[in-house]
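Here chain A shows up in two complexes: once beside chain B, once beside chain C.
Coming up: the complex of A and B.
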């Protein structure tokens, strides 16, 4: 777009044609106040706060609806403008309850800030304010009606941003009121975006209301622990009688890849940490009963058992099952522990996507993977399988808003009528079980389509091939050779393979595979690791199903499970595991968490809190043989040094990462084809999140969770 | 329905068929009905637009923009259908001219709509009539049905090979919908709230298509212009404002009727009148923007108390201050329409407001006023 030159308060400003005046002002640090204007939502011109003086125009104009034109001369701060804004604030305060001292938004309220800026301290009115009763729309959304200033942000973010359209306006004039779609309650995705975007305390969170004053919290940014999208959530942490308490999750500074977005999980489902059923002490099985024990006792037991098993039966008798929820550094250390200390490649994790197949398909190619940011800016997207609205809410938001704001073309191939079809340029429904993979064969070939929707699929293939720039996103429906065929069929495209858990990709990248080292390097290509570590078992390890068989045959003697719950997931028989078991999972009741049920729970359950499990494992490993010298230092930064040194694809800008920004990593290893049967999708929806979700009060409280049909399998990780 | 009034000096153009039974199609045809449309069918679109432009016809809805000019803004080529919209949401206090046109000369509106369609290349028109004019809907709907039956509407009108569909649509009782973009929102089934402009309706209007939206009187004038000629019509008016206008007279008059403006004599209480005016605007504010939504409400609330004798001296200045804060700052002109008279009342009749102070309720009403507790300062 060509640039346009304008003058704002005497400053010369250049901005691209089409820029809104309010944004042009912002670009040079001139703040024009607004309530109803919100970037990337439709324009309203309703609050009249952004009135500015434009030369040659008799009336003040709204900066939020004015597109800049060449030579425009603008004043943003004259007595007339100041008075206009003051007048608006006065009118708003006329009916606004001044309950700021008890309002959740007190201190974080845009109306307070405007009053502070424009000074409307005196009330000119005598008549009583309009009052209406507060409403509860859902377990997490409350609406204090008199506080609402009718900026319509909630209505728009719900409709335009979320494509949910659960909010609207009732009545007219001074009786106008925001109301939910079900008259007195919400039926929606419960994302809480309406609360987040509310400039005042009209919409408040059921999980947070009246708990604290905002300035009593510390704000701690952290990646969300639930799905694989990697949203940043800011936890409001407050000192309480029992230590520190997490009282709120939101996207306070909007600095994550999620920008404005958070779903119900990122906003509320941190509450599993407060579950009363959470185990906070080690448990040791004594006379058949799990009994609380000291950490020293627990470490000694586990270390001794590992040491004895290793000495008597060798590393092949020990299995390790890692986590999709722990950090890259933890996963790296875990596989290193398995390979160096336990001398085995028997390591696996719950695979939800075929990352090694994509790594193999992309071997030798660079720049062929897409990031979450690319999804928001790509001119065209092909989505094969998955249901991002349910499984990847941020991804769905990025796709939706790319279509809405940038007119991206979206092609959807799915066996279900997923919600994103509403944004699709073309939607092709394919048969269940195998339809997506069959589509890849069709896409890769030139044969005409013989089945249903032939004309539509043909059209889709032609259009997708003709797209000069394309991001292809696929779910676990595609595995193995289909992925290579897809990559070869679309040489112009960048790819995204969807894993299901917070760090599914990290578990794969860090080599929680029996035949792949970190960076998808096959064992026989691991000389750099062998050199660095001083040792590397060369015998390929067992995958989890093989470990299970081996245990049944009495060969596998010990299993170390970290942050995972493989039994339900892989439908193996827990009776087979008559061995030493250590469950270092998320800290919930062991028989639930690691369902070695039917009277066969784990021998030890170990707590893993909000803190890293590092210290715990450090101790285990020391006890396991006094083997510390073989291990890296237990400092995440030092481990990251080692990862950067040894793992292909992790040459990332470290400063950027440490500043809390996202970093895109490429697949640089060789990968390998894996048994597709080992990939088991999580099947989590918007309101479930495996074990974490089962212990989240909020997720279990919303009615939409109850309405959903039972997931085919309760997610277990 | 009100009796028709007349004045010896009137030049009857738009009202010439009033009281002549022109709602009946045959009678309308006797009175030169649909001749203009037939003429238009033989004209080039640009000729129709130029004729209307040269006649000096200006919008009769209030803003007074040159009608032919407005039509010329519609793009010739459009990927989306173009629409003609007749704004019959006449709700301005004291305005009742369109009502008479719908009541006495509905076919003139239909004819004007179709001619506008021929001028801009549209084949669909909507006649939107104020919800409170429910009793006129039958007249209008019958007129449309009759025109269809004769082949004046629908496919191949007058055997010309051209098509034009006309639909009737009733409002739901909102003054705001008289604002053209709010009317389009309403017609699309949404809340009657004005749109941000630009884009203007001529480019992006109803359902996103280029749209001509004209007042009923404007459209009813068009057939007369085509028959009488641009020059004739232009000469009837002032240099830049062609033709005649319907004026509505109501208030303290011997013969209220359609001529012009609200007229009050010195027996009317200005506070009471201000209250009635603000009640109207408060009731009709769509609520979209802050100054109109909140401002009209506080003016009304203050005036109720003031009128009943609970007024304070500072209320007078506050009401003026409040109106000033509304004037020119609202989303649409409704806020101005409320603020301007309020400021005028206080400026011109301050003494009458002061006479209501100190617990004196309205002298014109005695005890019959709405009583609110009198509040101390």
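Coming up: the complex of A and C.
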């Protein structure tokens, strides 16, 4: 759009036509206060705080609803404006309680800030205030009506942003109130966006309220540990009797790929960390009982058993099962340990997406994968399978906002009538089990569609093919050859393959496969790794089902499981592994739970108690446990050096990475076609997150959770 | 939930007038209220379903408009204007007279369910003030005596 020149407080400003005056002011560092205005939400013009003087206009104008025009001359700081804003604050405070010291929002309240800025702390009102009791709308949402200043941010973010529409405005004028959808309580996604966006203390979070003050916390940015969307959550942490305590999760600073968006899991479900049932000491099976032991003893046992097994039976007798929740560095080390130390390619993980097939389909092509940012800006999106609203909340948010703000065209192909159909330009329902794959055959070919809704699918195929720029997102419904057909059918498109766990993609990238090295390199293409690591095992590895068979036949003697629970989901007989079982969650992050549930047979289940991801703290921890001499310090930077040297596709800017910014990685290995039966979707919804979810009090407390069907346990749990 | 054929006809006709279904909400609510007397939970659920809105959304709109009600009203809703022209010509006295006569206050309903009373803003009858609207009928140039006759007239109609 052409640029427009305006003057703000004597400063010359140039901004694209269509820019709102309030944003133009912000772009040159002039803050115009506002309560109701919020970027990317519809305009409200309700609070009258952003009044500015525009030359030749008789009255003060609201900067949040005024679009800049050529030659506009604006003043934002005159006595008249001050007086107007002071008046607005005074009116807002007319019924607002003046008890900031006991309000949960004290210290991060926009009304408090405004009152200090405009000096309206003294009131001329002597009338009594209308008091109303605070209401609890859900385990996580509390509403304190007198504090509400009716900016309607919550109503808009819930409706426009989340497409939930659980909040509304009842009555009008001074008697307006924010109302929940179920008269006295909420039935919604419990995402907490309304609380996050509330400028005052009217909406507060059941998980955080009255626990601490914002200035008493340190804020630590970290990726969310639940789904695979990679949201950044900023944890408010505070010293407590047991070390550091996580008090709050939000992303108010809008850093990371998700801006200020978080779902219920990212915002509240960090509480599994403090579960009393969490195992923090090694357990060794002695006389049939799991008995707490020292780290020294545990490591000796594991080391001895591995060595004996290796010497007596060779590497083929050992299996390794990695995690979808550990970091890239840990996964990289794990498979390196398996291949170099244990001399085995028997390494696998719980697969939730066919990344190797996509890597194979994209081999030799670059720039054909899309990131979460592309999903927000692409002019057209084709979504095949999955239910992002339930399984990938950020992805759904990006899609919805792209459709709402940029009028993107969304094409949805799904066997279920998923909620995102509400944003779709075209929605085609296909038969269950296999409908999505059959659609790919139809999309790739030129034959007319024979089955139901033929005309609709025909239309969809024509439209999708005609899209010049397209992002294609697909779930685990598409596997193997379907993916190659899809990639070839849409040469203009960029692709996103949806995994289910926080680091599903990393586990795949880092080579937790029996037949693939890190970077999707087949074993026989691994000369660069061999040059770095030394001799690699040449025997092809076993996948998990084969390992189980091998154990049954008495050939596999030891299984090393990291941060996963493969037994239940793969429906293998746990007693197949009754000879030697070593389970270990050698996690490097705070979010680690016991890998096997209580009562599962395991010789050793451990979870590290160290509280941070910093290498030096880890060294301190090792030293404290007398392990320093036995284990080299874990230095994530050194490991990352090695990954960047050896794994193709990881040429990312390290500075950005260290700053917590998202970095897009491409597939660059050859990939492989594998048994699609090894892919088992996690089937987690908005209110479940495998084992982590089961140990989260908040997730279990919301009533929406109770309505959903019982979750089946899966391997990466 | 069944409405009259006339309602259904109007409803489907209105749907064709606007780009979105939501746009017909207010007239639909008014026509529904004319038939059922007030907007019950059942009516709200029905209309929300037809227009693909949440019930909360429908309730929000109802609560905004003072002519829409979720409470049962009397058969005859007496709306006395006390806006400026009517006030100058005795509108307030007329309202007080009605209060006494019917034994109810603003937004009240008589025990027999015959009358409701409301003090309303301008109803556009300023030239013939003070004016009163009973359901959709206007009564103008009123005095307490004339008002009594109007009310008696309606009371007689109850037995028709």
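The working rule: the second predicted complex is superposed on the first by the 667 of 717 C-alpha atoms of A that agree within 3 Å, B and C clash if a C-alpha of one lies under 4 Å from a C-alpha of the other, contacts with A are read in each partner's own complex, and residues count from 1 in each chain.
Assume a residue touches a chain if its C-beta (ideal position, glycine included) is under 8 Å from a C-beta of that chain, and two chains touch if they have at least 3 such contacts.
It should be emphasised that the depicted structure is a prediction, and the values quoted were computed from it without experimental measurement.
J.: Here chain A is shared; do chain B and chain C fit on it together or clash?
T.: These partners clash in the superposed model.
J.: In the overlay, answer first, second, both or neither for which of chain B and chain C A:166 touches.
T.: The answer is second: A:166 touches chain C but not chain B.
J.: Identify the partner contact of A:453: answer first if only chain B is touched, second if only chain C is, both if each is, neither if none is.
T.: In the superposition, A:453 contacts neither chain B nor chain C.
J.: Where does A:88 make contact in the superposed view: on chain B (first), on chain C (second), on both, or on neither?
T.: first
J.: Please indicate which partner A:222 is in contact with in the superposed arrangement: first for chain B, second for chain C, both, or neither.
T.: neither
J.: On the A-aligned overlay, A:179 touches which partner chain: chain B = first, chain C = second, or both, or neither?
T.: second
J.: Of chain B and chain C, which one touches more of chain A's residues?
T.: Touching more of chain A: B.
J.: Need the overlap of the two footprints on chain A, from chain B and from chain C, as residue ranges.
T.: On chain A, the overlap between the chain B and chain C contacts is residues 169, 171-172.
J.: Tell me, which parts of chain B touch chain A in their complex?
T.: Residue positions touching the partner: 174, 176, 191, 196, 282-291, 293-298, 301-302, 305, 312, 314-315, 318, 321-322, 324-325, 328-331, 375.
J.: Which part of chain A faces chain B closely enough to touch in the complex?
T.: 43-48, 51, 58-60, 65, 83-84, 87-88, 90-92, 94-95, 124-127, 149-150, 169, 171-176
J.: If we count contacts the way the header does, which residues on chain A are in touch with chain C in the complex?
T.: 165-172, 179-181
J.: Give every residue of chain C touching chain A within the complex, in rising order.
T.: Against chain A, the touching part of chain C is residues 54-57, 59-60, 63-64.
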